[in-house]
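Structure first, then comments.
To keep things simple, chains are lettered A, B, C, D and E as they appear, and every chain counts its residues starting from 1.
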Amino acid sequence: MNVSLLLILLLVGAIVTYLAGDKLASKVALFFGLASLGCTIVLLNHYNLGENISFITRWITQPNVSFALKADGLSLAMVLLTTALTPIIIFSSFGNEYKNSKAFYALILFMSFAMTGTFLASDGLLYYIFWELALIPIYFIALIWGNGDAEDRKKAVVKFFIYTLAGSLFMLVAFVYLYLKAGSFLIEDLYKLNLSSSEQLWIFLAFFLAYAIKIPLIPFHTWQANVYQKAPTVGTMLLSGIMLKMGLYSVIRWQLPLAPLAAKEYLPVLIGIGIAGVIYGSIVALRQKDLKKLLAYSSLAHVGLISAGTYTLTLDGLRGSVLQMIAHGFVVVGLFFVAEIIFRRYETRTIAEMGGIRAQTPKFTSLFLLLVLASVALPTTFNFVGEFTVLYSLSQINVWFAVLGGTTIILGAYYMLKMFQYTMLGETNKRIFADVTANEGITLVLIVAVLFFFGLYPKPIIDLITPSLEEILTQINRIN
Amino acid sequence: MNNILNQIGIENYIFLSVILFCIGVFGVLYRRNAIIVFMSIEIMLNAVNLLFVAFSTYHQDAQGQVFVFFSMAVAAAEVAVGLAILVSIFRNLGSITIDNLKNLKG
Amino acid sequence: MNTNIALVLVLAPFLGFLINVFFGKSLGKSVSGMIGTVSVVVSFVATLYFFMQINNTKQPLSIALFDWIQISNIKVNFGFLLDQLSVLWLLFVTGIGALIHLYSFSYMHDDEKMHSFFAYLNLFIFFMILLVVGSNLLVLFIGWEGVGLCSYLLIGFWYKNQHFNDAAKKAFIMNRIGDLGLLVGIFIIGNLFSTLDYVSLKTAITGATNLNTYWISIAAFCLFIGACGKSAQIPLYTWLPDAMAGPTPVSALIHAATMVTAGIFMITRLNFVFDLAPQVQTIIAIIGAITALVAATIGLVQNDIKKVLAYSTVSQLGLMFLALGLGAYEVAVFHVITHAFFKACLFLGSGSVIHGLHGEQDMRKMGGLKKAMPITYITMLIASLAISGIPLFSGFFSKDEILLVAFEHSIPLWVVASIASIMTAFYMFRLMYLTFFNEFRGTAEQKHHLHESPALITFPLIVLAVLATIGGIISLPFPEYNWLNGYLAPLFTKVATEEHGLGSTEYLLMTLAVIGGVVGIAIAYIKYNKQNTVPAEDAAITGFSKVLYNKYYVDEIYNFVFVKTINELSRFFRDIVETSLSALVFGFGKVTNEIGFYGKKVQNGSIGLYLFAFVLGLCAIVSYLFLAQQ
Amino acid sequence: MNTLIAIIGLGVLCLLFEILDFRKAIIPITIIGLLGVLGLTISEYNAPNSYYNNMIVVNKFSVCFSSLFIVLTIFLVALSHNFYENHQSKLSDFIAIKIFLLCGAVAMVSFGNLAMFFLGIEVLSISLYILAASNRMNLKSNEAGMKYFLMGSFASGIILFGICMIYGAMGTFDIAEISEMSQSAELPIWFPIGIVLVTIGMFFKVAAVPFHFWAPDVYEGSPALTTATMSTLAKVVAMATLYKLLSAMNADINYGFQMVIVVISIASMTVGNIMALKQANVKRMLAFSGVSHAGFMLMTLLSITTSAGSLLYYATAYSLAGIAAFSVILYVCKNQNNEDITNFHGLGKTNPLLAAVLTGALLSMAGIPIFAGFFAKLVLFSQTIQAGYLVVVIAAVINSIISVGYYFKLILAMYGKEPNETRTGKPFLIYAVAIVALVLNVIIGLFPSVILDLLA
Amino acid sequence: MIHIPDLAHATPVQIVFCILAIITLATAFLTIFSRNPIHSAIYLVICFFSIAGHYLLLNAQFLAIVHIIVYSGAIMILFLFTIMLMNLNEEHEVHKPRITRLGAIVSFCLICIVLIAIFINSKPIVGDYDSSGEDFQSIKVLGKVLLNEYMVPFEFASILLLVAMIGTVLLSKKEKLEK
């Protein structure tokens, strides 16, 4: 039993879904999504029992590339996030009708496959391949099933694709360079390299470009809001829930251990960029008229904080950002789903056209409110655990970082509550807002339950990720 | 047998050929009449042929001259095909001015 | 055993919350109210158990539940610490909480969402308990944010009114500003001492020899900012008056008796930290005094009955901070308790009045309610006397102790505090006269319906009035009868106020204070009872009283300086920065496209040009290789 | 050698069939014949040999590339069936010319003597001139043929001049001898001049900037199948030949020459990509894309001693993608008089399979993983970085980004627009070629060693 | 370095070379400059003859004859036929834009200067030219070389011609289906 099984499962799932035809596609996809979740849990169990669930085999001799999947705690945590969110995302789409749904659901599973691969790959090239592969399905999902004016959408989607590809190609060059030095793409071999500080700087920058665009950090974020707005909600969930985390994960897994000197040298700048993202994203979010755009900017703010935590190069920072990644993954999926639920009823995403929903559907309101609270990192939610740890790590570097980064708890509360107020509260809306359906309710409850459970008891995840983070940290600190 | 190049010098042949070649190039660029352009190309090829023969003498080696045969064959084949194309253009266009061939651009 | 009881103590309100949330609607109003009330009473009983135990053993109980968050070398435990302070706090939180639940039972009975009201109240009690019993700063923080959340929910309880929602949002955000300070304080403490647990923190600090007082001061200051937010001190006090948008029981419970005292609780809890930061203590004292004075001045001219009480609360909190700043923690705690009694009573009384007048809150439209609502009148009168510092009422003792302490440390502070006290007496009796004396100024319709509130409302009032009367006995100004100081003594590292008997100075001061109070009452009497003045209409207010009536325009200033700026900034970012960044990225594409466009013109279809380029290229390469290289 | 003879025999057979009135059998027989030739060629992989006084040298390089050419020709011949439906009477000529073109191509990669090289390139070029102009009633086709012919002969003149210079310097046409003599210290300057001139001539054939101007015009004007031939087979042949020329003659690629290659490579990539951005005609767009790919392939010359494998890989990847793309273009533009991008609108809905194939082909050209184009670029980059030309790689990367812009324009048209017409008929051969080509592309993308190790 | 033959002491061979060279270049120029295509063709024929003269000078008699037969005999006749066929006698040519001329002249000068400069710059050939004394360019030797060593290219040239033949047929054949 090793992790390649999971990839096979997802890939087969994508194919079977496509073959299943439009009618069955969604159910088949859900089945495979759940199966992969189950598989992940079983794998996790094996891992916790100390079994080796990694998988490695020679793939290409020249250049020396291996099909290497390594599962450590960090990878597994991210895989768990992916495989847990995938069925939720698929399930959340049950209320919608999609044309050519077999392709749609197949693409979702394929994307999940690629992202899982990215999290597992321990060979640079394999990782890169998965990284790029993940881009293609979302491109089509956003393009074909997106909403809004077709021309605008195309513009946004193409910009997104080219932009992200642009970044990652430089990463590829960096990988090639590393390969030429090490003679192998395997992460262990790359870790062994002794690079001069100028080499590290260039490699760091190449990686940074790729990740800064993917995450996105300001000022590389311009694709984000538009794509989030134009993509179908499922696509937005995939993007914001999982794909952003690919970038953050990669920073931890690849960028920092490979070029620690550069990271150390420019630590204040990097943290500064992250924190600037927090403040900027929050402020921009304040006056967004479109619900999805607002959530996009809130996402920008959150990932800014996460990346700031990552670049502190402390165990707390790394741990906090991983926790926050997972938490944010769930909460953002939930929030986008809320936007979708409203859209299903009111056919609008403009906040000004909402309001007065609470009086009609208290259940939905409560769930929405819980998500909002999780998003503003109220204690006992998972987000708090992450955000607290990250801010704590920032304070270890410099208290001012913590203060500036901490403005997220003020500004975040401001825009989220403002949004909540104008979408849900106020005089009863004249248009009827049908109560949430069972499907919708289950989805939201699941998300909220996860957030609160791990908010109170994050220990399993902390215990899962800590050893591998420590390992990465020793790698980062190997040269001083 | 005396090598004729002792009296003339290979350089002179090279210069002659080069100038002739350049005249060919010039013709191709200068004239708009496709037939004359073809002729210019023939001049270019002939310039090279001349040089081949000169080099053949220089090296006292027959291969250069043999190559000239091939080059002639190629020239003949090219001319045949070229003229065939030219004829069909003339049929369609009523002119063989290559400046008129500007439909494909951009 | 203790663990289980502690769990019952903490979880009972939470259970009530859950039941009310999920089944409240189907259970019906009475049952849900009952559940809400009973769950708090259960907590109260459990608290009593612990109070007995701790009062006897004098040993704090610490209960560890499970590991929660792990940061660096700090393992933050989810655990409780039950010691003198927390149990004392729990007593009045759950006690007053239970009373207010009872009160709400009747007060909210007409509201269709009564079950959610009780759910929120229960949730609040739960978080408040958590705040108080948490064994470390993070658990405190849970409660801290949780009560903020409940405050948000309850202020915006009538969510159809967007103004109420605005008020709720404002409260939450201003609290969060303080929360950030608290968080940063926690971070610094964590960094300095590698622990967030009170007990180990205390050992770390008391045991350490060379402490980094610079950072400790900063930490203390940050913590104080947190306290400012929660306890409505300058500059973060503006949310509290707005919070009166919530139902009156909420104002009584959250915004008078319990939540707003969380800041005082936290500072008292961490007294050993603050003791190391004298500069910060000075700041606290000054801020407290100024807040007391400023809020009191604003309170002088307010016409909304709840707004007067709200500013009064701010002012009283200021006095407590003054005491804290002067290191007299037990005095502050004493005032917290007495204040909880009389202020809750006042709020509930005002609620009773409002209830009787069907939602009318403007005192200009009241008057003469003495006859219609005797119990309300009497209880409120008692509470007003207490807050005005009339001897033998509880407020007298606590306020007097604060003034004494202030006098000992700094005359200016004492002067400021005294003036605030006089003003308090004035506006409280202004309130009393305008509400209960003279003729009724409301509509005939209202007059017709005037009635005393039902027993469920008056019972809590009576209880609280009794407590407001006799509450002072727990800390009489005679050392041998001062139970509270002795009870709390183990908490404090140094003895803040020397235990001494009352000398002549003290008696003099006491007399001065009482005279001040009486003078305040007298002015109010002359103005509002004798002359029967009714405050002017909003438009007619002029001069300095207009400034006061508009609360020194602080809201407007804040609005202009912060809210507006940030909104404008947001607009600027959205419209200018985002667009230009986006244009920059698109610019790359555009430029290449443009080049392509012009490139198309170069490719003009002419063979001559193509060959020319060919020849040129050839010449360039050949000359580069064979001419330039030599 | 056997390959060459067999191919020529096949070509003649084609002509005979016409005489014998076996027109229907031409395409199947040719395909089968070519498959046989392919087998024959592959069988020579492990038997390097030289034939007839070194006129033909069979080595791994020639075998691999010949096999690639044969495979491409098979595809092209298969596509002919549908394309020449209305030109039955000329079918044998077309097929025969294609096969002779192939033998020119084979001669170009397996020459051992410059005479064979020259004749090979002329056979190839003349076949292409004819094919380009083959739609005789269409002025565009005429124009394309004429332009190609004029410029091609011009380039042939340059190449011939170069050969002459080499001969003048060495006194022989034999590659092996030249290679040996080029080691000696005292070389007349004629030799490098000759090499440079031949290289420039080949630059023209691969359509590298600034010798690329013919390509878009000719590609656009020629019949689509010819364009397919030019952009896949001819380009790959020319590139392989250039590589072989420079490596086999042991030419001294000094710093200056490398700089020239660097500049031309970067210029080709950049100009090709930028020009492609604004094209509305798909063939023209692919022509410019071909220019940029030529620039990429020229990078192999910077590490000429080791890059045979990567060139083969890149060529295979590129040409397979090209074949797949062109088969879809052939299908879509069958009855259109132009190849405008508007023809592709809504293909994703009307014909998802072919749309997917075209998407895959374009993604491969853009260098997106699992398609072979990605590995091709990767290997190329790694070799070039190793050779110390990071600048070229950076330029290549930037160009890859630009290229996505126009590749995706086509994809967007297929998936983002409403279809404006419906097409009927599912020509089996076109589907087969498109799918097989793409599948091969993906297979070598997944197992790059299959190709890379051939010439390692 | 280029060495201009000293006319006073010039050998007959040198004089012949010079005359031939002048004729070659002059007629080549005239081919390009004459407006009438027929004239061009005639000048070209003269040019080819002068080149044949060069061949003779270099003692390549067979080649000279073949040259005359192929070029003057075959190719030029083809040209003339075409010219006649299209009835291009004179002034069919449109006015050439100035830019074309300028471009042509510039590139001519450039390429001339560059190429000549290279050869001038190159090391002069020192010493006598080899004279092996062997016969290397008689018909006999040429035939041997062509049909032994160069058998494959020789055969391959036939393919070339075949392709050209098929091609011309293809380009001129009318199709039955083509309407």
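In this section, a contact is a pair of C-beta atoms (placed from the backbone, for glycine too) under 8 Å apart; a residue touches a chain by one contact, two chains touch by 3 or more.
Everything numeric here is computed off the predicted structure, so don't read it as measured data.
Enquirer: Would you mind checking the shortest number of contact hops between subunit A and subunit B?
Expert: 2
Enquirer: Touching subunit A and subunit E alike: which chains?
Expert: C, D
Enquirer: Taking the mean of each chain's Cα atoms, which chain ends up nearest the overall Cα mean?
Expert: Looking at where each chain's C-alpha mean falls, the closest to the middle is A.
Enquirer: Which interface, named by its two chains, has the most contact pairs?
Expert: Answer by contact count: the chains B-E.
Enquirer: Please flag the chain sitting at the greatest distance from subunit E, going by CA centroids.
Expert: It is C whose centre lies farthest from that of subunit E.
Enquirer: Which chain has its C-alpha centroid farthest away from the centroid of subunit B?
Expert: So the chain farthest away from subunit B turns out to be C.
Enquirer: Distance from the CA centroid of subunit B to that of subunit C, rounded to the nearest Å?
Expert: From the centre of subunit B to the centre of subunit C is 98 Å.
Enquirer: Please tell me the distance, in whole Å, between the geometric centres of subunit C and subunit D computed from their C-alpha atoms.
Expert: Going by mean C-alpha positions, subunit C sits 78 Å from subunit D.
Enquirer: Return the distance between the CA-based centres of subunit A and subunit C, expressed in whole Å.
Expert: 37
Enquirer: Would you kindly tell me how far, in whole Å, the mean C-alpha position of subunit E lies from that of subunit D?
Expert: A distance of 31 Å separates the two centres.
Enquirer: Tell me, which residues of subunit D touch at least two other chains?
Expert: Within subunit D, residues 115, 119, 122, 126, 129-130, 133, 136-137, 147, 150, 154, 189, 193, 216-217, 279, 405 contact more than one other chain.
Enquirer: For subunit C, which residues are shared contacts with two or more other chains?
Expert: Residues 589, 600, 603, 605, 607-609, 611-612, 615-616, 618, 622, 626.
Enquirer: In subunit A, what residues contact two or more other chains?
Expert: 162
Enquirer: Using the contact rule from the top, write out all pairs of chains that touch.
Expert: Applying the touch criterion to every chain pair yields A-C, A-D, B-C, B-D, B-E, C-D, C-E, D-E.
Enquirer: What residues on subunit D touch subunit A, complex-wise?
Expert: Those residues of subunit D that touch subunit A are 309, 348, 352, 363, 368-370, 374, 378-379, 381-382, 385-386, 390, 393-394, 397-398, 400-401, 404-405, 408, 412, 415-417, 447-449, 452-453, 456.
Enquirer: Could you list, by residue number, the parts of subunit E that touch subunit C in their complex?
Expert: For subunit E paired with subunit C, touching residues are 100, 103-104, 107, 110-111, 114-115, 117-118, 121.
Enquirer: Contact residues on subunit E for subunit D in the complex?
Expert: Contact set of subunit E toward subunit D: 118-119, 121-123, 125, 148-153, 156-157, 159-160, 162-164, 166-167, 169-173, 175-178.
Enquirer: Where on subunit B is subunit E touching in the complex?
Expert: 1-12, 14-16, 18-27, 29-33, 35-36, 38-40, 42-43, 46, 49-50, 53-54, 56-63, 65-66, 68-70, 72-81, 83-88, 90, 95-97, 99
Enquirer: Which part of subunit B faces subunit C closely enough to touch in the complex?
Expert: It is residues 25, 28-29, 32, 98-99, 101-106 of subunit B that touch subunit C.
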